[in-house]
Amino acid sequence: MNLKILSGTANPLLAEKIAEAVGVRRSQVLLDRFPDSELHVEIQESVRGADVYIVQPTCPPVDEHLLELLFMADACRRAGASYLSAVIPYFGYARQDRRSHGREPLGVRVIADLIASGFQRIIAVDFHSHAVESAFNIPVEHVSAVSLLADTARSSIHGDAVVVSPDLGAVKMAERYAKLLDLPTAIIHKSRISGEEVSVRRIVGDIRNREVLIIDDMISTGGTIEKAIKSLIEAGCSTSGLKVLASHGLLVGPAAQRLGPLPIERMFISDSVPAPDSFPAPLQIVSLAPLLAKTIQRLHRQEPLGELTARE
Amino acid sequence: MNLKILSGTANPLLAEKIAEAVGVRRSQVLLDRFPDSELHVEIQESVRGADVYIVQPTCPPVDEHLLELLFMADACRRAGASYLSAVIPYFGYARQDRRSHGREPLGVRVIADLIASGFQRIIAVDFHSHAVESAFNIPVEHVSAVSLLADTARSSIHGDAVVVSPDLGAVKMAERYAKLLDLPTAIIHKSRISGEEVSVRRIVGDIRNREVLIIDDMISTGGTIEKAIKSLIEAGCSTSGLKVLASHGLLVGPAAQRLGPLPIERMFISDSVPAPDSFPAPLQIVSLAPLLAKTIQRLHRQEPLGELTARE
Amino acid sequence: MNLKILSGTANPLLAEKIAEAVGVRRSQVLLDRFPDSELHVEIQESVRGADVYIVQPTCPPVDEHLLELLFMADACRRAGASYLSAVIPYFGYARQDRRSHGREPLGVRVIADLIASGFQRIIAVDFHSHAVESAFNIPVEHVSAVSLLADTARSSIHGDAVVVSPDLGAVKMAERYAKLLDLPTAIIHKSRISGEEVSVRRIVGDIRNREVLIIDDMISTGGTIEKAIKSLIEAGCSTSGLKVLASHGLLVGPAAQRLGPLPIERMFISDSVPAPDSFPAPLQIVSLAPLLAKTIQRLHRQEPLGELTARE
Amino acid sequence: MNLKILSGTANPLLAEKIAEAVGVRRSQVLLDRFPDSELHVEIQESVRGADVYIVQPTCPPVDEHLLELLFMADACRRAGASYLSAVIPYFGYARQDRRSHGREPLGVRVIADLIASGFQRIIAVDFHSHAVESAFNIPVEHVSAVSLLADTARSSIHGDAVVVSPDLGAVKMAERYAKLLDLPTAIIHKSRISGEEVSVRRIVGDIRNREVLIIDDMISTGGTIEKAIKSLIEAGCSTSGLKVLASHGLLVGPAAQRLGPLPIERMFISDSVPAPDSFPAPLQIVSLAPLLAKTIQRLHRQEPLGELTARE
Amino acid sequence: MNLKILSGTANPLLAEKIAEAVGVRRSQVLLDRFPDSELHVEIQESVRGADVYIVQPTCPPVDEHLLELLFMADACRRAGASYLSAVIPYFGYARQDRRSHGREPLGVRVIADLIASGFQRIIAVDFHSHAVESAFNIPVEHVSAVSLLADTARSSIHGDAVVVSPDLGAVKMAERYAKLLDLPTAIIHKSRISGEEVSVRRIVGDIRNREVLIIDDMISTGGTIEKAIKSLIEAGCSTSGLKVLASHGLLVGPAAQRLGPLPIERMFISDSVPAPDSFPAPLQIVSLAPLLAKTIQRLHRQEPLGELTARE
Amino acid sequence: MNLKILSGTANPLLAEKIAEAVGVRRSQVLLDRFPDSELHVEIQESVRGADVYIVQPTCPPVDEHLLELLFMADACRRAGASYLSAVIPYFGYARQDRRSHGREPLGVRVIADLIASGFQRIIAVDFHSHAVESAFNIPVEHVSAVSLLADTARSSIHGDAVVVSPDLGAVKMAERYAKLLDLPTAIIHKSRISGEEVSVRRIVGDIRNREVLIIDDMISTGGTIEKAIKSLIEAGCSTSGLKVLASHGLLVGPAAQRLGPLPIERMFISDSVPAPDSFPAPLQIVSLAPLLAKTIQRLHRQEPLGELTARE
């Protein structure tokens, strides 16, 4: 079975790097839109009998990227591809995994069912929550960028440092960073002081005069990170050496104006989604290509993924 | 069973008119996008046990409108709606009903399967081809705007007139108009003169000095209509009273610059998609609201659709 | 459509109370096992055309209770029931919503798919995590026992009290209790002190000399609660008035020997699963019957569930 | 994976020729009917792990041939075949791709779903319409007999010739013949002369004194071809050298008495369905065996079909 | 919900009688075949929202009757029928419920899946084996003609009589007849005398000088009945008053020449399939119309079927 | 594709022997239960791309063994297994293949659908009825222990012997034994003597002074065998050399006290289920390991099963 790597329009550069790392030429796909916005897809080479990997993060504009993914899958399936894997470095709609306010859709399940209708497997990087897997009825190979990011950030840690989870959702990820970097952890969370007083942001763990590494699975509009940094500074953390690490750097909406003014030494993010052309905070982009290439190679050779798998 | 009419963002005005014609209040739906472009949907009133009709043409931007439709369907289904009908006044991707150039997706089937996964029935107006129905495994109630458009145009026909199909695809629709308006038909089509000479556009039927009514199911970029009008004028049709009738007026891309300079007396199109804010040719918009309201009422009361159904 | 309430062997007493509260007679079901352990089910009255609710928590022995549920569903479906709802006051296997250690099954999805194959809807009480819903492709009506438990416990709160979440997973539920009871919250959680030192249990929020209400969604073997109480006492909480509130009191394995010796004033749990015949700590059982009866009645009458729905 | 070719009773001769061209022995299948007309199927050799191609046009009696196809598929699947392809040289029910007169079935979709329930892929020759593909959710390898027929007919064209489409449905196929044979095209079609006068048959393109090649995808009862020939003669085409080319020669019902008396020099048809034992017009049967053998070989070797694919 | 009764071409007379007994007019269906044997179906009146019963035994020619059934179901479903029941008085292919000789299809499952794809429920009369039900994933309402036949035959029993099962497969049905008619039973079966001698037909039970009632679920070619009668006569049963009772009288192939010469007083069969125009043995046809009408009425009114249900 | 053999907890010893006979090491699986009875499964080695056989009879406790099977299947599927076969030496719930007493589930179909949802194929030994296959939509490889048991028992037959079927259900299996052992057969069955007298047990065939081999597919509580032996002795069979042969020896409930006192020389049963620790009658256990190992090897090598297949 031939291995083929295809890309939608969401992140062709990453797909290119993955193909290079795998050692294959990226298969050409014609992807354009008619004047009425309808998508036209044409796979430019034979995929008959092939083990096909389609690289497409579902980052903004999310709906277009999803439809592209489904159209590429249908084209490959009808052209005789043997096995279809969706490589989704960033998986959108992951936060809609419950109906919190009543008559909402269960977004994550809608999307998971769409993808599962076209693919035999998905490969994803650092889901917003590990439980996202339960929305899929096809095998999910869930790998993590945490090691890559930790390895990259390690040399820039100079003093007493602490890994900080900016809310309760990232606590387990913070523990993984802490273990890899041999550091303590701290948590920021909001809780209610009394029945009358509204909730306040509290920091648990020792951050005073320490170099902080704020970690999260993703940075979208930067609100959580902004509030975390402000709280940490107020609470006396070291204002130098402040680092932010996140698997996914969407950096949409007010992210630039929120994070730009803050004393961030460096933000380490992966290239799961294309980086903004310019950003007021210093970004260090860590490529997922080696990780995803290794994942694809092991899957193609039917080998276990072992240490690449995301663990809590 | 209560009847509920909901709308996505594609054509809320039409949905409003349909609701009014049916005699119900349009159910409120919260539809917004997060800064990362992810859709958020919330149905604002109970649809439990209801017979729900969601109005949403899949016009540009087609992918966003499709996802909205699927999210609204999931929200309604999980909120206990009894029966879900997608009212799709304009159905996009209808031309991708075959794989003409090899490794393409079968777009119409991809879309039909997506919609069928969320609905029990669709209501559509003048598909690009009647065979689109075979892509759906759920019942399709296919109604036609041809009567409405013919009735509206009738009073503006003054001299000897002829219904012209601008290509072979619209011939059957032209026959329907001709029958309703008691007029002859003509056809424009391209054919090959010899093995060497490329094809030319030929007109079959008598159009000399006649008032022409060019009809089509839809006008997208206006290319077909532009070429038809130029051929007809060259062939000697009357240059006054030239009318264009089409169920769907997308009028995207170069449509304005193509059709603006031509001596079009009037274009009759429905409101299946929102009309452009301004257009250089005189548009007469015929509302589908009475047709779709009648369709919904009969379906809700379990009555036959009879004469509303699209026929070839 | 007639409303019928059936029960498996998991909690017939609760089913009986629900039927009584709804005002119908519980439909008789013959459920026995052949000497080879095979299940034999016979519905003893007509369910043709009925709106059937089968009450069955999937508490231990979980596999038997699951199979009973599936067999009852098949019997009702083949006997012509119109609509089948599984009423699952306690939903087992909810913690297997991710594959944490490699080649595991995704238990929650296996179970959700089994149930969805036999029912049109499930009604559940306080899932271990709200995201469990994303494993179901059928509508889930998720209601909460928190109000019931808070209302019952209210009169026994005498001094300065605090709602304590024994780990990060119950923080949102603690906030709901706090809001209903007009109390502050505290959180216990483990975190890493340094790269070398292993994690310690820390308490965030003011608990000194306060009456504590430890809350959780469920108590299984009592380990989490035991450690929480010990930490709280060590940290100086009031040793009188200590209360435990949990939607589900499985109380299996070493629960009795763990919780018996502790200074628990009272444990408030629901009757989602049958209470142990005897337990060394004072149990106050709050019946879910009024809540589930109201839920069933509203669903049967196609009314919105409103305030009954579980919210985060 | 072994390649196996099986045949139903619809066209065993063609299957035999395909097997020979592929270079394999045709696998024996026992197919008989019990006295109560029930079908009995037994595959006479192992197909375990095999790449199986079952040759069966769905020509008359269409229902029996369909059921045979489904029974052979089930027998192969349960006997462990790895991949099942239906080779359907003539695909019946293709014209029922829309509901034209109200409460009809969508025949093409019913049949497509039946076939897709038993096979992983179908191989078809010159569908009545390319859009038939959208009724299938499995890959369709659609190949064309047009090249074969054109190549065979070429040497019998002597004077100025023209390719004639006998109605609008065959225009695109006529263009393909014209391109291959380096000839001009003409079209016959009916249109309405005025509101009162009913439609007449008109010829577009130059046919006067020309040798005509009337082409179509299929000849069923010969009505369309009969009327076309009469119109062409009346309009002055050459009465010598008149040829008819069609991918499928069903020649049922009144076909013999309609076509027998006409001055047809030769009819070129494929062996997609068995030729009638005798026919009053000179038939030249062009075997599809080389085309289908090549198709099967390429699919079996996972090679692209390239120029074999039917194009519009 | 309106009740509608439709019929295919297999047994319109029975359908007519059922409709009459139910008290509704039989809905008209246009069913014809094109010259190429393709089926054309058109439901002639509205079935929107209706509770539709389609009467069609799958007797010879079985494939045509099956396809008719599927096409009628698709037509009704797409025309908005609410609930579709297949009324199959005789169910063909029931004996293919196992693969006895290797690479056979599992005919009963193929057919059951086809029917289940188009209907919500089937109503059947005296399956060849009760286990046929396990091939269906939709509810099967299995009713029996045994009471009807026993009641009809009762008055013609004059002397000492015995109910004889002609092989092991009909033993349970013989017991039911015996119980209803207050008679003893006997069994004919073949068994092996020794390792060398082939099996012989033996009669168990007292038949000497008795009036015999040979019963079976169906008579196809009459072979089993012929051999049974010959054995019984040889063994000394009374040669007068010999009766045959069977739910289904297909009487195909050599049935007439086999049964004609035998001293059969009367054969009691139902009208599940149309009786042969003439038959050399005296047939008494017992109509299923009252039974099926009662079944349909109870189902339509959501009442239990009670005593109508087939029991072993 | 690697061949992997896994086992649940139902019969690990048999799995071990099969693995040994196949020549592979049994793959380790962690199977334990949490204190709340929930199952925890972890496959301890890579199954990616493997041809996996999971050995698990569904003997008591049947529900636990079923769930284990489904959980192992899900774990393997999500871990990338290529093909999953359930090896079910004893298949429970086989007798629930019809709804005999009204509103029952169709147990065999419920179970078959559960298993088919997780596997691509099942391998089973001597189903209670061959028709059980029709409940499965996946291929069933049905093999038989009859040869093995007959071969083992052969040397212990000393005098004139006869194979006895203890009821009508085992007659065909008795014929197979008789053919293999070159012996005559006899049948025990109950039938009604007259309308008033209830049924009596009768023996057909010559058993007087003969050594009897009572055969059956399975022995559950021993009731059928007990009554058969008593009838045979009463009817004068030889009281020495009495043997019982059955594919499956469940021996549950009162089996020991029923069979212990009887003059059984030896019971030959397979190890499809674990034998009881002690049993009062002399058991000779014949291992299925060679049969199942051969079956697995042939399937893995894509060879026909030939003589291993169960035949009637």
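Here are some notes:
Letters A, B, C, D, E and F mark the chains in the order given here, with residues in each chain numbered from 1 onward.
To be clear about the criterion, a residue touches a chain if its C-beta (ideal position, glycine included) is under 8 Å from a C-beta of that chain, and two chains touch if they have at least 3 such contacts.
Being a predicted model, the structure only gives us computed values, none of them experimental.
Comparing chain pairs C-E and B-D by the number of C-beta pairs in contact, the larger count belongs to B-D.
Comparing the contact residues of subunit A and subunit B by number shows a mostly shared set, over half of all numbers used being common to the two copies. Centroids built from CA atoms put subunit C at 51 Å from subunit B. Centre-to-centre separation of subunit C and subunit F, using mean CA positions: 40 Å.
Distance between subunit B and subunit F, defined via averaged C-alpha coordinates, is recorded as 63 Å. Across the assembly, subunit E contributes 46, 78-79, 99, 101-102, 106, 109, 113 as residues in contact with two or more other chains.
Chain pairs that touch one another: A-B, A-C, A-D, A-F, B-C, B-D, B-E, C-E, C-F, D-E, D-F, E-F. Partner subunit A is touched in their complex by these residues of subunit B: 34-44, 46-47, 59-64, 66-67, 70-76, 78-79, 92-93, 95-96, 99, 101-107, 109-110, 113-114, 117, 220-221, 250, 252-254. The touching residues of subunit E, when paired with subunit B in their complex, are 46, 48-50, 77-80. On subunit E, the positions that touch subunit F within their shared complex are 97-102, 106, 108-109, 112-113, 129-135, 137, 168, 171, 175, 178-179, 181-187, 189, 191-197, 199, 202, 204-206, 309, 311-312. Across the interface of their complex, subunit A is touched by residues 121, 139-140, 299, 302-304 of subunit D.
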